[in-house]
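Naming follows writing order (A, B and C), and every chain is counted from residue 1.
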């Protein structure tokens, strides 16, 4: 074989030999790309030096000197810039994390409503989806923030809902459990319970699959989750948490949980916007399971619940999860719009630093690295999931 | 991308409204409950909206600046140039509707309807002179004229495409900005452009310019040359991994550092390039989806016929793949259209930017933000919805979305 | 799929390497600096360059803003107006003889510096505070056209009178400006706590304050006055008689062109001198028959006042005054008792003869 192809290639003139052509194309393209990168890089470094722009990371240890609104973790302007950036990162992760959970719940509900046999319900869901998908997220955020959350009454005239929940232009104040000194024992027991339950679930499930013996792994795992915290409760001397109500002190309410208007409007905006897309993902996923499957499953005598549990959900999930995860990534990226409504996340903190200290390049590299890392994480999860469902398939 | 919702529950032709209601709204106690709940929701929402829109809202900031929202600071004495552009585009839109049918239909109808609506606003608005209203109606007439001409004499798509290309180049590079040192077409710097005009230019320009780059990247990603492939993958994934706003901001900043001292790089062009780069990465992924759908057998058959890779791509793969991804590209265009709002970070007064300038124009307007933002949302909504509706039609016409 | 993973990973590695490489030059700064000096002359603005390009272009490019009532905003015709805008127009009138021969480039707080550094604009007139760093990095700051200071605005019924009263309060502030740092310093020096509420846009800051999001808002006092005027109930708010910083608002020009620097300064001097002599937009023609030699010189009737060295017409300053009026007129147009924007007493911005700080060298 080898000699044959070699001999044949000798007959072909060089400029028509595909292998030579490929090699040449390769070298040329590599050269071009390398040249472009070098050209950009060198020019940039000289230009940056000329303009007195720093290209190092030593400023990370300098005091940040700017305040950050609602820093979540303890922060003051005398902390280093690196720490300020970390605060921004935490805020990005916080709002994206909660947003993802809420958007999934809301999106699934709306997706199901869209499939409802009730005509009116389905139309309502459609209206919701079409409204949110066809306006820019930034406009939606503006609408939620400036005219809505900013317009709530002053602190003195707070709207009081049962709970008590206080609504005013400083935010939403909720009664919130506060961990008592011994409370960590209870939290630890909660965690231990979860870990044990997960281990039990997989171990017993395997036993059931291998030996065909019923192990009731679902029930056992749930029991573990429920029982562990009870032990923890007693170990921590009872009442590990105490509800704390917000009280008006000085200019603001103190205690309890406070959601700032910036955070709340960003969260609501992101959640409602992403939920519209998730609803479509969920609808498409469920519709992807053909009607015949459902009918066949019913015909073999599965109960409606079993049809859902063993036929529809597993197949729908396979269609749903990849686009769902990309929606999660979108939500995280979209949280950078927070800049416009005064919630300072990682891009916003970076931008202040760029303005104030002229550290444009390193700071931007850091912001890029954050988003790329999140994207990397997302694709890692997706890959893992795709491999898993492929395994199940075969 | 997002595929558009099909109607799941299609009401049967009414042999009795009551029966339909019984079947679709009250077929079980749970559904009856849902119906009541939905009705309550609709009532509460509508009554709130109607009361606010007609009795509480103060629409002055919107009503006083229609021209600002449409064209920004474009010199008022040179408005005929914008009007001319709009007229030509309307006419071509009509011709395209006649020639391509469904593809363009809802675009053309929406465009006509919006212009007619502006022309027929039943109360006097200072900026909206009789001449302007008359022109809007003329433009609507032009759409229909184009439609009938196209129906009468069969217009060939190829020539129409050429006409579109020439027109857009003329409009964007000559008619709107004018020419340097010309007395007839005096120069209008892009710093004076604004409003919907800029939004449309950025969105259309972004999608058109990103198309060739996206196709190249998609082909590059499937290339067997590791360097090309690697570069394409890195480019696509990096751009898709970071938010548009960081790309816009950074691109503008890097460019600023890069530029030789004393040079002026048009700010609108900067934004356009940033948007194009961003859009190209998404375009590449969409086109790749189309490329993957071409059966390998076709490529092998083409190879067997002795075609080289270039020919295969140009004559076999791309024509089919691109046809297949048209609805996806419309979807991408919609998101791009909405994403143009982010250029306010570069200080460009597109529609949302104008909205914010209007809020600043008078102290009283600061309190009327909801009105302004809702108005902008409405404009975006109408355009995006028309486009998504037409892409739905298209999907059906092309039979792409079917399983 | 996993290829994508590797690709992103590769990018991260490359990014890390680039960053590491970026860190290198500073450890060995000497060669870089040499290179810098070699490169500089080629790409630098030199004497006469800006005037030349302005005349060739037939237009002055002015870095401006459209979102600050009084200083730079749009009127109901969509025309750029404001105190800073009129200063640009004055320069355009002096150099090109036409106050409309200006192209306004909208600059954000982030790119006003770079735009001046790269000489993208001929003049930056965008409510910029003159500081030493900016003077060193951005460009040449001309003359202070507006003396301002950072102050606080609170609700009258809040009982806040001093900074100490603000302990624990919420403070609304704009990001990316000197304001934010001054605020942080003022509170840190006194060991006080506060909740910072930070926005990119000035409009957002004051909207939030008015709605009660904050107890206090802080900015340049002129801005606070502007904003207070726009509130539904201006009487309910009070600007505290505290000034925590000096905010000299100054127009700036790019580094490197001394001639242009002088032109802009002298145009501003002329506006101030005109007010001193009582020359207004309306009476500038009449004044040409005045027998006061200083007035006649200012209006270009007594020969050269340095104009030939600056490359200007002898009546350039008269044109500037005819176009926008004298300093006081510009001020009153926006901030006077019947001003377009709001009313602000002149205080420090009074002429020196009236006890203020506005003073200009003679045109001679």
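Heads up, the rule we're going with is that contacts are C-beta pairs under 8 Å (C-beta built on N, C-alpha and C of every residue); 3 or more make two chains touch, one makes a residue touch a chain.
Just so you know, these numbers come straight off a predicted model, no measurement behind them.
When you average the Cα atoms of each chain and compare centres, the chain farthest from subunit B turns out to be C.
Taking A-C and B-C together, the pair of chains sharing more C-beta contacts is A-C. Look at where the CA atoms of subunit A average out and do the same for subunit B: the two points lie 28 Å apart. If you average the Cα atoms of subunit A and of subunit C, the two centres end up 41 Å apart. One finds 37 Å separating the Cα centroids of subunit B and subunit C. Within subunit C, contacts with two or more other chains are made by residues 4, 8, 11, 43, 110, 114, 117, 201, 207.
Shown for subunit A are the residues in touch with two or more other chains, namely 51, 146, 339, 351, 354, 361, 368, 372, 375-376. Chain contacts: subunit B has residues 237-238, 241, 249, 253, 257, 345, 369 touching two or more partner chains. The touching residues of subunit C, counted against subunit B in their complex, run 3-4, 7-8, 10-11, 43-45, 49, 53, 59, 61, 66-69, 73-80, 103-108, 110-111, 114-115, 117-120, 201, 203, 206-207, 210, 229-232, 254, 256, 342.
Taken in their complex, subunit B has these residues touching subunit A: 2-3, 5, 8-9, 11, 24-25, 27, 31, 34-35, 38-39, 41-42, 224-228, 231, 237-238, 240-243, 245-246, 249-250, 253-254, 257-258, 334, 338-339, 341-342, 345, 352, 369-370, 373-374, 376-377, 380-381, 384-385, 388, 403. Against subunit A, in their complex, subunit C makes its touches with residues 1-2, 4-5, 8-9, 11-12, 15-16, 18-19, 22-23, 25-26, 32-33, 35-36, 39-40, 43, 109-110, 113-114, 117, 137, 168-170, 173, 175-176, 180-181, 183-185, 188, 194-201, 204, 207-208, 211-213, 215. The touching residues of subunit B, counted against subunit C in their complex, run 64-65, 67-68, 72-73, 76, 189, 191-192, 230, 233-234, 237-238, 241, 249, 252-253, 256-257, 259-265, 267, 345-349, 356-364, 366-367, 369.
Interface residues of subunit A facing subunit C in the complex, by the touch rule stated above, are 41, 45-46, 49-52, 54-58, 65-70, 76-78, 146, 150-155, 168-170, 250-252, 261-262, 339-342, 344, 348, 351-352, 354-356, 358, 361-362, 365, 368-369, 372-373, 375-376, 379-380, 382-383, 386.
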